[in-house]
Amino acid sequence: MPGPEESSAQLSHVDAGGHVRMVDVSEKAETLREATARARVRLQPQTLALIERNQIAKGNVLEVARIAAIMAAKATPQLIPLCHPLPLTHVGVSFELQREQGLILIETSARTTYKTGVEVEALTAATVAALTIYDMCKAVDHTITLEQAYVARKSGGQHGLVEFSPESEAPTP
Amino acid sequence: MPGPEESSAQLSHVDAGGHVRMVDVSEKAETLREATARARVRLQPQTLALIERNQIAKGNVLEVARIAAIMAAKATPQLIPLCHPLPLTHVGVSFELQREQGLILIETSARTTYKTGVEVEALTAATVAALTIYDMCKAVDHTITLEQAYVARKSGGQHGLVEFSPESEAPTP
Amino acid sequence: MPGPEESSAQLSHVDAGGHVRMVDVSEKAETLREATARARVRLQPQTLALIERNQIAKGNVLEVARIAAIMAAKATPQLIPLCHPLPLTHVGVSFELQREQGLILIETSARTTYKTGVEVEALTAATVAALTIYDMCKAVDHTITLEQAYVARKSGGQHGLVEFSPESEAPTP
Amino acid sequence: MPGPEESSAQLSHVDAGGHVRMVDVSEKAETLREATARARVRLQPQTLALIERNQIAKGNVLEVARIAAIMAAKATPQLIPLCHPLPLTHVGVSFELQREQGLILIETSARTTYKTGVEVEALTAATVAALTIYDMCKAVDHTITLEQAYVARKSGGQHGLVEFSPESEAPTP
Amino acid sequence: MPGPEESSAQLSHVDAGGHVRMVDVSEKAETLREATARARVRLQPQTLALIERNQIAKGNVLEVARIAAIMAAKATPQLIPLCHPLPLTHVGVSFELQREQGLILIETSARTTYKTGVEVEALTAATVAALTIYDMCKAVDHTITLEQAYVARKSGGQHGLVEFSPESEAPTP
Amino acid sequence: MPGPEESSAQLSHVDAGGHVRMVDVSEKAETLREATARARVRLQPQTLALIERNQIAKGNVLEVARIAAIMAAKATPQLIPLCHPLPLTHVGVSFELQREQGLILIETSARTTYKTGVEVEALTAATVAALTIYDMCKAVDHTITLEQAYVARKSGGQHGLVEFSPESEAPTP
């Protein structure tokens, strides 16, 4: 059999353009990697009030969202096709409620000592927290919108510390 | 053993406030349910150009994002703690590139004939498509931001057709 | 090729004894099926006090255990090899703390309208709740023991209502 | 809609060519669907002898392969991107050892009452049984080859009964 | 945006009490960790006789339970919300039948070289073995009870060797 | 309690013959491990033409198969019961179409630095690529057959480089 790299007349190679692959990180050094992601969810103020008073029929919204976020961080390599499996050593999730604007701010952090970074894990955790908030409150509010999700900070690896903040981040009250 | 509903002096019942549970839909009718979700991802224009020319090192970004979205729709009950498992009969994903604004618009649709709706499945698909775009392009662009994700339309079930569009949806060029 | 049921001299059939298979339920009627399971976890009284005061370092033990239980009920067909996949329509979990005996009583209920019962789903939920309690408290208490887990009640299907209670169930104060 | 390579003013639609999607089966009737798949694994005769005598160090090869096959049938929608989730009502696996030729013949059957067929589930089960045989015996035999896997029979659905047998199926002793 | 730790008048911080998180083990040393767990299942003596004679309709009960246990050990981080993913290097399962008492004793062991222990993996394996026994025999015996499950021994890590045995462990014949 | 290895009159030990277990690799050295697997799929020439022209209704067959293969490599420890979880550092998939013979040749490669090899991961990837091709084309071709799948090459570990090629590999045009 001709190797897949040697074409002949009757062969058509398909690998040229698409070349989807899980990037080779075999030679990379293991270093401490950290990442922080943020997501912002807009709800109707009365929905936020129900969450704060723990009166949403499905249960404690933020507690469920927090656990969903942690489990989603661990599930990232099964969810995002080209992500490398990696040994997460920490996942944290915190929430801040901005009552007057009707906003929930989600911040997640992830950590590992490995050859690749954990920013996708942190971002997946933050967005799944937002999806869980949607799921738990959708019976009383069909306007819930994930307004913004991004990686705010990552460190470790060859690029060192990278920080980012979208222009429109700060909602003026 | 006293049933968990009958407390005595030395017992402390824990179910009162939290009451997290998978809502009982046993008695609901099976009807055709449909949902459409949208997500918007902002990238640097040159990143968008690389995607269009299929020059991102990890491979064809939109094709991978599309498949990730479909598989995520199916994984929704494993990802979102209180979602019911349901027999998805269709999942579709489409993309629109707005080159000048540096935007990718994602639209997903999901369908089932069942006792509960599929809006979380559609929203999960749209968000995971966005996460996949982030993952595949993060090596060349650390500013990628999921700017917006919401359920635009759902039908079937007791509420009938519900449509929603956030105010800030249309970005003016 | 001879069919796998027709052996000849040189063949050795392997299906006779072992015959592991997912039992055929194609012809069974879809009826409402319900099941209740119970599990009992023994901890040191001071561990129970920490749980009640929400002072366990890993977080709110019962809330995490509850969510783990619900997600485990949904994961049952992936976990228990010969279980049929089925559309769970409800999962509930409640806890009762018996402070003086150092016990947490777990009760789970599951429901579906399908061809097979949901007792394994209910029992899996109860047991995974217990495992989660172990995991969250093991740093402060290495004596945590799942003392008992069983299916207390199932209904629906050809056997109708079945109730069971082990002799040693009621711990005398 | 313009094709993905042909842009118009500022938009470029990407859905035309690729159009990967989970096909819509919402309108299809639920009927009894059955499928049978076969796979053939070639090993060195002495490996087959070790399997028969249950002397492979990792354990009972065929029992593990059988259970792996059943679980893989249930995992098919998570593994094959565009497969619909469906309620499997039966999975069976049988093996036939052809000692002189050094062959294991695997036959799997799957059943459901649903809108789509179960041939991919049956084929996935047969192939994963073969992979498991490879895994358990690779320490003593690096020549193990999955020589053939195909769907031999499917029934139910609009095409009715379809049977297939590849020309080269029967290995002559 | 004020950081999630700096509150102002209109903010309500939610992280204080609940603080569910995956504990940070980044700085812990990698050492050899081992754990042994035990579980005890009570069945009617005639059920035990059917198991021993391999006459349970669903197949070889102990073989299926053993494989389910091994796979469950690997699935632990997906099942138990705050467990760290870790590279299991060994999982073993053994059974002992006590015919006269109608008991199956399950013992599992797990091993890794990592920053955290494997006791939850071992305990999950033992309990899932018990759940599988229940599932496979429930058609002939509705009294099957998991009587006891606990971690009997763990070593490695900062606490060194820890052994535990519940008082009521030894059932007198 | 007598240990599971010390039997008495009334005990029957079950571990002797079957002894299914996840082999202990705790003491093995971590070295760079690589593996290459190949699979060959036969289709009707007109099906191959539809694939090349991207006219299969379900979408771009090879792109979906490629992604399914990569995700399957990551899912191998969940799919193959006794496989160790390991940190894959690379997965690659390439296709070669032999138009006149109606064949698709699949080649996958996997890499890790760990205590065990990655040949099962590579082989799982190759076979799941084949299963995906079957799934996407089955509506137009019921003769699709996985003709051959094997591990062609592995390196690293105590056996060093091992290469294998089945006799019947090269189909003569």
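We call the chains A, B, C, D, E and F, going by the order they appear; numbering starts again at 1 in every chain.
The rule is simple: a residue touches a chain if its C-beta (ideal position, glycine included) is under 8 Å from a C-beta of that chain, and two chains touch if they have at least 3 such contacts.
Given the structure is predicted, the values throughout are model-derived calculations rather than measurements.
**Q** Determine the set of chains touching subunit B that also touch subunit E.
**A** Chains that touch both subunit B and subunit E, as defined above, are A, C, D, F.
**Q** Which chain pair is joined by more contacting C-beta pairs, D-E or B-D?
**A** Here the pair linked by more C-beta pairs in contact is B-D.
**Q** How big is the gap, in whole Å, between where the Cα atoms of subunit C centre and where those of subunit E centre?
**A** Computed value for the inter-centroid distance: 13 Å.
**Q** With centres defined as the mean C-alpha position, give me the subunit A-subunit C separation in Å.
**A** Chain centres of subunit A and subunit C, defined by C-alpha means, are spaced 31 Å apart.
**Q** What whole-Å value do you get for the distance between subunit A and subunit E if each is reduced to the mean of its CA atoms?
**A** Here the centre of subunit E sits 30 Å away from the centre of subunit A.
**Q** Identify all positions of subunit C at which a residue touches two or more other chains, and write them in rising order.
**A** As it turns out, subunit C has residues touching two or more other chains at 18, 20-21, 23, 60, 63-64, 67-68, 71, 75, 78, 81-82, 85, 87.
**Q** Any two chains that touch count here, so list every such pair.
**A** Listed by label, chains in contact pair as A-B, A-C, A-E, A-F, B-C, B-D, B-F, C-D, C-E, D-E, D-F, E-F.
**Q** Which positions of subunit C touch subunit A when the two form their complex?
**A** Answer in residue numbers: 60, 63-64, 67-68, 71.
**Q** Which of the residues in subunit E end up touching subunit F in this complex?
**A** Residues in contact with subunit F: 32, 38, 52, 62-63, 66-67, 70-71, 73-75, 85, 87-100, 105, 107, 111-113, 169-170, 173.
**Q** Spell out the residues on subunit F that touch subunit E in their complex, using ranges where they run on.
**A** The contact residues of subunit F facing subunit E are 1-2, 4-5, 7, 10-15, 18, 20-26, 77-78, 81-82, 84-87, 114-115.
**Q** Under the definition above, what is the set of subunit C residues touching subunit E in their complex?
**A** 17-21, 23, 39, 42, 54, 57-60, 63-64, 67-68, 71-72, 75, 78-83, 119-120, 123-124, 127-128, 130-132, 134-136, 138, 142-151, 154, 162, 164, 166
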